[in-house]
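Naming follows writing order (A, B, C and D), and every chain is counted from residue 1.
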Amino acid sequence: MTTVPAVALVGISKRFGAIVANDGVDLVLSRGTVHAVMGENGAGKSTLMSILFGLVSPDSGNIFVDGKPTTFSGPLDAISSGLGMVHQHFRLFESMTVAENVVYGAEPRRNGLVNRKAAHDRVRELSARYGLDVDPGAVVGTLSVGTQQRVEIFKALHRDARILILDEPTAVLTPGEVTSLFAVIRRAADAGTTVVLVTHKINEVLSVSDEVTVLRDGRVTGRFQRADATSAKLVHAMTGREVTPVANSGSGSVGAAVLRVNNLTVVDHHTVRVTDVSVDVRAGEIVGIAGVSGNGQHELVEAILGTRRALSGTIELLGRDIGAASVRDRRALGLAVIPEDRRGEGSAVQLSTAENLTLGHHRTAPVGASRGLRRGWISLRAERARARDLIAEYDVRTSGEQLPVGSLSGGNAQKVVIARELSHNAPLLIAEQPTQGVDVGAIEAIHGRLLDYRATGGAILLVSHEITELLALADRILVMYAGRIFAEFSRSEATTARIGAAMAGAQAETDIPTEASRL
Amino acid sequence: QSGDDAGSASTDESLIVITPTPIGSNNFLQLAVDGADEAGEKYNASVDVYESEDPTSIQQNLDAAIREAPSVIIGVSFSVLDQFTQAAIDYPDQQFLLIDTSAEEPTPNLTAAVFKEYEATYLTGVEAGLLTEANTVGVVASLDTPFLHRWIDPFFAGAASVNPGVATGVQYVGGDNPFGDQARAKAQAQILVDGGSDYIQAASSGGNLGVFEAATESGAFTFGVDTNQCLDAPGTVVDNAIKRVDVALVNTVGEILDGNAGGFSSYGLAEGGVSLTGLEEGVADSECLIAGFPDVLEQVAAVRDQIVSGEITVADPLTAG
Amino acid sequence: MNVFEWGFVAAVLLAATPILYSSLAGALSSQVGVFNIALEGQMLWGAFAAVAGSFYTGSAWAGVLIAVVTTALFSVTLAVGSARWGADPIVIAIGTNLFALGITGFLMRVLFDVSGTFSPRGLQGLDKMSFLAEIPVLGPVFAGQTALVPLAFVFIVVIGLWLKLTPSGLRLRGVGEHPEAASSLGIKVASYQMWVTIAGGALCGIAGAQLSLGNVTVFTENMTAGRGWIAVAAVMLVMGRPLWLPVACLGFGAAEALGFRLQGIGAPQQLTDAAPYAITIAVLVGMRMWVTARNRRPSLSAQPVPLPSQPESTS
Amino acid sequence: MNIEPVPGGPGTVAPRAPEPLSRRSRASALLTLAVRHPAVVPTGAVVLAVLIGAAIVLAAGLNPISAYSAVLAGALDLENLDYTFSVWALICGMALAAAIPLRMGEFNLGGNGQMVLGGLAAAFIAGQLDLPSILLIPLAVVAAGVVAGAFGAISAPLSTRYGIPIIISTLLLSPVAVAIVSYLLRFQLGEAGSAVAQTERFPDSAHMWALGSLSYSNMGLILIIVLMALFWLVDSRSAVGFELRVIGANRRFASYGGVRVGRLAFGAMAASGAVAGVVGAIIVLSPPYRLVDGALLSPGYTFAGLAAALLAGGRPAFVPLTAALFTILQVGGGGMERSADVPRQLSDVLQGVVIIVLALRTIVDSRRTGRSATS
């Protein structure tokens, strides 16, 4: 090819203290292509994208846009050079309308005021061009996650971004939404936009990307065209080894009910979030809850955990009614939870990894003591020792247990949460999106652990929008839609198509033919 | 602000004044300090002022003063009474002077000078009672403390003595800065005016300026305290209940230095320790409105004489209540 | 005593105006995510600067101008410290308040050689709008006030509209709601925070000037006497909606003026002292109780995500 | 089953060993190490603040050296030490009252109200009960702690239930308490015939035990030191202390993890109020052995304590030191005015400057620790 690449990153290096996040990375993005960036947790993907978007300045290396060397001193430079970024954690103003969010920072004006009409027209025009349907006047906080992501993409397109960066864009989408997102991506690429896609999902890479760059430990370990990329090659480039998917073999003895939720209804901010939901989870069983986020799964989990009050209904744990119990009592009785919102709920970013691992274990041995003279006191030495053990056991990539969790990469922070909750060995584990942002190798390891948990008689309520994950692990799958249990599938009945349709609210009686199947 | 005369060659005597709170906008404390400065000048004494924050720092300032061993340690106001009484017992060789308060069981080295402000306020009340056309008078005071009632109750009593049935109103400034919140004092004076008062006694220390402003703006009249405040708002202030702290201080310090320590002197109308600007010399140049009412002054002078002669006794709100 | 009369309204307005300006500063800061509790200190400085300015120039409006400019400068530490350098605004503000209290008293003694109160002869206060005296309603309410009093309301409306309608207002709101989102769109969050805080300083300068040259014509040590803290409470009360500030501030003014009037019928001074604070906390609690109660119950209009039309969506 | 570590294949990058340091960079490393010592930044800030203060004094045409030596002499002369220590105890106490909620990220601005309520409770016990010292004094102190603690605790449910920030509710409740105490002193509990609102002098049995022949410092000092030590122990070694810190770092994380946030906040605010109340009790049980309206507030212990706590970042080990700093400024401020003729207000100026400069130290902190500011 003789054409100048849209963007070329050459020899990019970035260190954070002792950690080398990027080490001489080259990344070439050809115009009008979809380019996937893959890698294990902590491989340096986010760092690289941050450098590309001007959020972080590299220690060394050069950025060329349209062949011209460029330095970005901030995102504004990047934006004016034609870059747009959709962050994994959306950066939207929830109290503002779609139109306001889209034009924010680049407003159409009239007489010095924001031209509302022009802004709305712009959103409608983008909607039409990319075949999406978004109401410009809707308040963003009330929209579904999928629609919010469209707003994010519109933000970039409104600024005529020629290079669009998407960091793990599919993590929170239904299969249907993923399909529609990919359609948009293709359309954009065909129209000349260059798309960079950071992802952990190999099937996505294979289905939508033209080129792939793989990172490991801050270095490029593989470059592929779509034609010669295979799942095995990609995994090997990422991890340096083979990864065998683990799956629920279906066997195993199921015991008594550990969790019994009856007719639960939860209301928040005027809105019924959970409507009359009943779920049982028995010992030695993994019950999956599928659903697009925002359909009440999270509120259901909160109600079981006790951080949210139910309006009506009962919750029994190990035969005891826990409806009025505190979170602490519920946890003491035998409940562990891997929460969906890792940063907001599952960890405290300023606290050290050791302290994050200690919460919930600080009143029991070895860190604390549940009885005797040491009751209520903490041993700092035991805290450190336990933290080191868990870090090693769960392969958390960090240079020390005293570092704040906020300095870990997304996937490694997730491992800290998983280590803390699994080490409770509680009779009931609720796992919400346990593998979000976690790399392929780690996903399999975590899946293996969950299956072990089940094998030793643990009960697991697995909330996920990852259909493949549910199919691999769950004994039964319930689909939540609009706050209700909308459908239930046994292992043998469950297919991606059926679940996907139910997640979208379709009462699928007949199988929808689809090419996607279990990984 | 200390008045040690750096220029003069040697000062044989020394005075230390201890205030109970920072002087700030509390013009009574300022007056005491001015009086001490005057005494210092007269007796060629150095003057130091120690401002306290609270009872403990009063004690600490007192200790520091005792270490300096000045000729006289002067304590101002009731708030220092406890500490001074004890110190006078503990240090029999040190001379102490209490201004505006006196000990129940004084030692020979503890002299006291108290003022009968209430006698002067009674007279401003008489003036107000004679002058009021609305038959309503009021007071704006810093705080509702027993001591400050010396500017409230006698004022109303004086007004009622010449104008039975006169209506009264009182406003206390309070808040975070009771001795210096002119904005509140002004708003409160305005409330008194709105309520019908046309003559208002200002007893809100630094806040008095606010009272004067309100009166100026709404055509009412006021009385000042302690010094000639007519100068602060000419055309609005009728008269002042003045307190000759300087006179008292100079006199008592002189007595102590002469070796006549002990006991207490009380400065009322009879002793010339309190008075009205209108009853002093130089009324004409005082800018006080009362100068324009010789007949009122005449009556007030008569009442003053009756008080001096004991014909009328003005109740001290402190001991009465 | 008749409680509702125009004089009462005037008194409430007078008490409310300095609080209104400073709470506007606080509300703007909170819009950009800076919790500004330095209002007390900034207002105090403004009051001092206004009097000093009027004293030296002989013109009250020059005093106001000097107060505005110097208080804006005075707020630079808070602005730069919290926005640019990421220091804790609460800590800086506490330092600022103490500093303002000290430096105004100190300068009064050093510059004017007085302690406590500074009101030299001939100090120019702001003119009252006495030309309004003949007009009904406006007359009794505004004739005794300075132009800064009605101007406060103009400010509120203009700023409210600006926030709502202009690009910079939109950006400003976004900065407070989600700073990362704003900065990822190239908005210089720190600059917005900094300039808004400095503008807040200027508003506090007006607040102080109104207090020392408008409400009265004098400066006293600790003259603000807690008004800046009331402004902070007002900001809390309106929960980020500047257009409601007049309601909150007039509420405080009314609580205070009512307290004074109650003294007239024998209520103790301590009641007046406590009333504005007690009423605020009661209103806050009441508001929150109402909000929580509303959120807990499903209202009639509350609809869950609508259920789909049943079978035809299968393709 | 373990998650396997990545084998060291050809593509992997071994974690780099730190490069050997040249002598120069070793020196600079030593320097960084020295600069990173936790005591360095506060000390530097104090030095800077002192310089700024000197500039102000100089600009005012006064002599900074004599001003500062007067400050030091006023606070640290042998004969003043007794007094200085007694003030230190009170500032330390109020710093403790501020530091406890600071650990969970909350500000207690209501120390004034809590302190006067404590003083009131102690005064009531001391004035009404006829008991021997050994019972009366502890009872008065405990009553102060209970009453002020209960008052302080009100802010916890206001925050956890009604979402009113503690900084606001404490700020608003405080003047109400002050007004109530003032009212009671004026009309119910006040001594008749006294010129200011104050209680009667307490009987000898209610006089806080003296420490030897010292006239200012008494058992109150020991009590505060014990409370400080207790705070240090609980903060660093106890489950509750850990939970408080977790709340401070991320409240949602805490409640998800089973920390009873409401209860803990209640406990922390109660403890904070109680300590402030105990300070009030110590003040009224010391000379002049009465509760005088306004006298507890005028020295400004609450804000000095708050400033000291902020300066120490709430860390128990630093609180006594920062409290000492503010004590010197406050006590020495009086000495400065007495002997150097520098206006007393300079002491407030200096305190303000120290706080501001120290707040700005986060610049240095954040440059050091990268993306996350740890405390």
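To be clear about the criterion, a contact is a pair of C-beta atoms (placed from the backbone, for glycine too) under 8 Å apart; a residue touches a chain by one contact, two chains touch by 3 or more.
Worth saying up front: this structure is predicted, and the values here are computed from it rather than measured.
> Out of A-C and A-D, which chain pair has the most contact pairs?
By number of C-beta pairs in contact, A-D is the larger.
> How many angstrom lie between the centres of chain A and chain B, each centre taken as the mean Cα position?
Comparing mean C-alpha positions, chain B is 76 Å from chain A.
> On a C-alpha centroid basis, what's the spacing between chain A and chain D, in Å?
43
> Would you kindly tell me how far, in whole Å, the mean C-alpha position of chain C lies from that of chain B?
The separation of the two C-alpha centroids amounts to 37 Å.
> Among the residues of chain B, which ones contact at least 2 other chains?
If we look for residues of chain B contacting two or more partner chains, we find 144, 176.
> I need the residues of chain C touching at least two other chains; which ones are they?
109, 115, 226, 268, 270, 273
> Can you pull out the residues of chain D that are in contact with at least two other chains?
Touching at least two other chains: 175, 186, 344, 373.
> Pairs of chains that touch, anyone?
Going through each pair of chains, those in contact are A-C, A-D, B-C, B-D, C-D.
> Which part of chain B faces chain D closely enough to touch in the complex?
Against chain D, the touching part of chain B is residues 2, 21-22, 48, 50-57, 59-61, 63-64, 67, 77-79, 82-83, 101, 144-147, 176, 318-319, 321.
> Which residues, counting only chain A, touch chain C once they are in their complex?
These residues of chain A touch chain C: 53, 55, 74-76, 79-80, 85, 87, 91-96, 100, 104-107, 109, 112-114, 155, 267-273, 275, 294-295, 309, 311, 481-483, 501, 504-510, 512.
> Chain C touches which residues of chain B in the complex?
Residues 1, 23-27, 30, 143-144, 169-177, 180-184, 186-188, 190-191, 194-195, 206, 209-210, 213, 217, 231-232.
> Touching chain A in the complex: which residues of chain D?
Checking each residue of chain D against chain A gives 1-7, 9, 11-13, 15-16, 18, 236-243, 245-246, 249-250, 252-260, 369-375.
> Where on chain A does chain D make contact in their complex?
That would be residues 16-18, 20, 23, 40, 216-219, 221, 237, 239-241, 305, 307, 326-328, 330-332, 337, 339, 344-352, 355, 358-360, 362-363, 368, 376-378, 380, 393-395, 399, 404, 406-407, 415, 441-442, 445-446, 448-449, 452 of chain A.
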